Amino acid sequence: MIEEIAARFPYWATAALIVIGLYGMIAKRSLVKKLIGMNILQSAIILFFIAGSLREGASVPILFEEGAVARAEDFVNPLPHVLMLTAIVVGVAITGVALAFLVRIREEFGTLDEESLLEQVRR
Amino acid sequence: MVWELELALFGLLVVSAIVALQLRDLIAAVAALSVYSFMAAALLAMMGAVDVAFTEAALGAGITGVLFIGAISLMHRRSVD
Amino acid sequence: MDQLPILIPLPLLVMALVVPVVALARPGAAFPLTLAAVAASATASALALAAVLDDGPMSYALGGWAPPLGIEYVVDHVAAYVSVVVTSVSLLVIVGTRRWAVREAGDRLGPFYGLVLLLLAGLTGMVVTGDLFNLFVFLEISSLAAYALVFMGGRAGMVAGFRYLVLGTIGGALYLLGVGFVYFATGTLNMADVLSILEADSSGRAVQAGAVLIFTGLGLKMALVPLHLWLPDAYTHAPSSVNTLIAPVMTKVGAYAMLRMFLSVFPDGYLRDAVPVADALLVLGLAGIVLGSVAAMAQTDLRRMLAYSSIANLAMIAVGLGIGTPLALVAALLHVMNHAVMKAALFSSVASVRLATGSSSVGGLAGIGRRMPLTMAAFTLGAVSMVGIPPTAGFFSKWYMAQAGLQDGQWLVAVVVLGSSLMTAVYLFRVLERAYLHPVPLVAGAAPDAPPAAAVQEAGESPADVVWPALALGLATVVLGLLNVVIVTRVLEPGV
Amino acid sequence: MTEQHDSIILNFVVRVLLVPFIFVFGVYVLVHGEASPGGGFQAGAIVAAGLVLARLTTGSEHGERRISTRVLLWLASAGIGIYVLAGIVPLLAGVNFLDYAALPVEWFNAVAGHERTNRAMGIFIVEVGIFIGVFSVLVILYDHLTERFTDD
Amino acid sequence: MKWLTAALLLPLAALLIYVSADLPDRGDPDAPANLHLSPELVEVTERDIEIPNIVTAVLADVRGYDTLGETLVVFTAGLAVLLVLMRGARPRDSGRSNER
């Protein structure tokens, strides 16, 4: 039981975070809350990738000693790190654009509540 | 690394995510989101992803928080949900 | 010539950096530079297609790092074909919407054309890439550009753009999550490498979950039926310069990405036997054809009608993927091209009508056929092809699709395809009837949202640079229809 | 957000002590990104944060500190242009896009044309490009998000 | 609405947790992702690239094209914000482009 938890908890926790983030994006009426949900979702995916790249007994992927022969087993898998660096930057870019949309919508409609926005548009 | 510590941090992460979504005061919600991001960064550093942790702290927690606050400070702070 | 694959997206990328800066000083230069970049990219695509036809698929290692390690570009028959379609259709559309761009973007032409180029760069990058994560990156480039362009369309466009952003981001996130599952199960991101590993051993729930998540994500991006909610508003309220561009090409590339998953990521039959993805696509596709066509019949605004018809046509492509036989895949691919061309013709002519009369409601079209003969000729050609009347391209993809359905024992497919033709005829011929057979109303306000009758009475033909691209696209439906045997036997059949 | 805070001490601490330190740290992160965590993205974010901090304390109505959007757009294009150029130059030399081994940076090291060094050099050039691009886009984002005022 | 969303998301949560049993254990050195490409990346960095940070080396060189795409995403965001919020570009035509 304990071993099972020790081996699986990162996946369970990230699954919970993903669902929380999606819930925020879909069910919350405030557009700001939708964006907060979006950020939670993105971080959750990043944690998921990094948790999957763990290697017991390995160290940070930096070659410390010049000239010493590096053994691949000594390092954490660097590929997910690279992918997630990209994903973080993409996430920030999307958040920035979404916030620009928010400011503009607020200016035009005077509200950030999804229901009343849709009402105003339908009218 | 001690996996129990990671587990505890993950628990805190879930709690702060829920708090960030449920707070009515938007500035407070954004603050909670920053807390969430910083804890995620700490967790990433524990898992050996120092580069990712650094980026998450600088971009995810720092810049995102600043942009959120910058945009929200021009708006109503209360959300209807 | 070895460098051809990278030359497809590269002109677009470079010019996307140049245009916004140049436009600061000379806004007038934005349009010709954009056009030059798209033309260069279209040329590279055409050359790549020719090279592929002669020598077979090309692989290109970016940065000189051999494929499973680095990122690979794969230009095979299908990729080159879709890339030619995307770049050449958008070339014509960009010419035709120049006036709208000037009107709608105003003094923001630099950012506008920069985003258009980035949108196309993202799409072409998605088409030629052979790497799952690289696909995600370029997907996000094109999506982000599309959100902003849709958002430009006035008050309703803002709300539509924001909803598009939220749902599109969910789609991207689900896709990325699916790629994560596939990566943890196989240890690689290169499509060909994933395929060879899965062919050796494709058991395991992680890959199944990955497949489900990838297809859900791409389904959101291509507006497959329960996930289509963003599309009608986004297409209706986007500025004319934008929906004319994204309606033909954007969702088509999502569909192409799905096809890529079938062809070169998951082993043959995996998506049918191990995960019910193919069946789901078939069912949802059939539902989408019916729902999209019915909803289109109920619309009074041309753009909204065409948006719902897009949902129906994308669903048709999904049906082709769902059947999954080579013939069905050929039909789906042929429909990717046909629909891109005819939707571009229809949206371009609607943009031309709006330019002249200021309205796009069906009610306001009475008598427009005589006022704007060339525009309405383009519209008619597009409509005839959309319905699927023989010499036009639309007939052939529907014909192949029905045949593929019958061959596979799915008679329901043939029935639905035929039924969709009838429904398309109902909603599009209603437009034609009003345009050609109704007299111009003499009293203002004959229809509630019609423009003043004077607008239609005075409306002459739109300027040549608006009409001719639309007409060229309309004529292309006929030409491509006549050429379909060549396209199918030389390009598509070797590709699938 | 742009009202001026007239505290001399705050002004001094932030503009004379804090912001220069942040800038230096950002450049350190950029230059040291090859050996320790860091690189163009992080450095760009840090320097942009420093600039934002300066804006926050002193207000951005004062024209003196404004970098105009025009300049920032130029910078963004140029920064990412450096990256694209690092890809195109090898292309012109006849090898694949982004193959840094073919970059003409022999002047940098005595061991002319050594591929390992060339690649390291290419990475550094690219990181500088990323730094400039990310920094300027983030400042554009901040400026435009906070500059628009609504009346309540 | 909230309950509908919850009803949609619970299956997703169930799927993710069900599938996690099939993912490699936390820190498993024999996970496919740890065996297939990661050793080559370490080797290549040591052999061909003269910088010690493997992540930077892979980010900017081996997968440099992804990173180029990533900076282009950032640039797209900049252009998007300019298109949406640029001053002097008042939506004077918003009434016109908004008519139905």
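A, B, C, D and E are the chain letters, set down in written order, and residue numbers restart from 1 in every chain.
Operating definition for what follows: a contact is a pair of C-beta atoms (placed from the backbone, for glycine too) under 8 Å apart; a residue touches a chain by one contact, two chains touch by 3 or more.
What you are looking at is a predicted structure, and each value in this text was computed from that prediction instead of being measured.
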In contact with chain C as well as chain E, sorted by label, we have A, D
Of all chains, the one whose CA centroid lies most distant from that of chain D is C
Taking each chain's centre as the mean of its C-alpha atoms, which one lies nearest the mean of all protein C-alpha atoms here?
E
Of all other chains, the one whose Cα centre sits farthest from chain A:
C
In whole angstrom, what separates the CA-based centres of chain C and chain D?
36
Averaging over Cα atoms per chain, report the distance between chain B and chain D in Å.
24
Between chain A and chain C, what is the separation of their C-alpha centroids in Å?
29
Out of chain E, which residues touch more than one other chain, so two or more?
16, 21, 23-24, 26, 31, 33-34, 37-38, 41, 52-53, 55-56, 59, 61, 63-70, 72-77, 80-82, 84-86, 91, 94
Which positions in chain B are in touch with at least two other chains?
3, 50-51, 55, 59, 63, 67, 70-71, 74-76
Set of chain A residues in contact with two or more other chains
6, 9-10, 16, 18, 22-23, 26, 51-54, 58, 61-62, 79-81, 83, 85-86, 89-90, 92-94, 96-97, 99-104, 106, 108
Touching pairs among all chains present in the structure
A-B, A-C, A-D, A-E, B-D, B-E, C-D, C-E, D-E
Which of the residues in chain B come into contact with chain E in the complex?
3, 51
Going by the contact rule at the top, pick out the chain E residues touching chain D in the complex.
47-53, 55-57, 59-61, 64-65, 67-68, 71-72, 74-75, 77-78, 81-82, 85-87
For chain D, which residues count as touching chain B in their complex?
1, 37-39, 41-42, 45-46, 48-49, 52, 138, 141-142, 145-146, 148-150, 152
In the complex, chain C touches chain D at residues 3, 6, 10, 13-14, 17-18, 20-21, 24, 60-64
Write out the stretch or stretches of chain A touching chain D in their complex.
62, 85, 89, 96, 99-100, 103-104, 106-107, 110
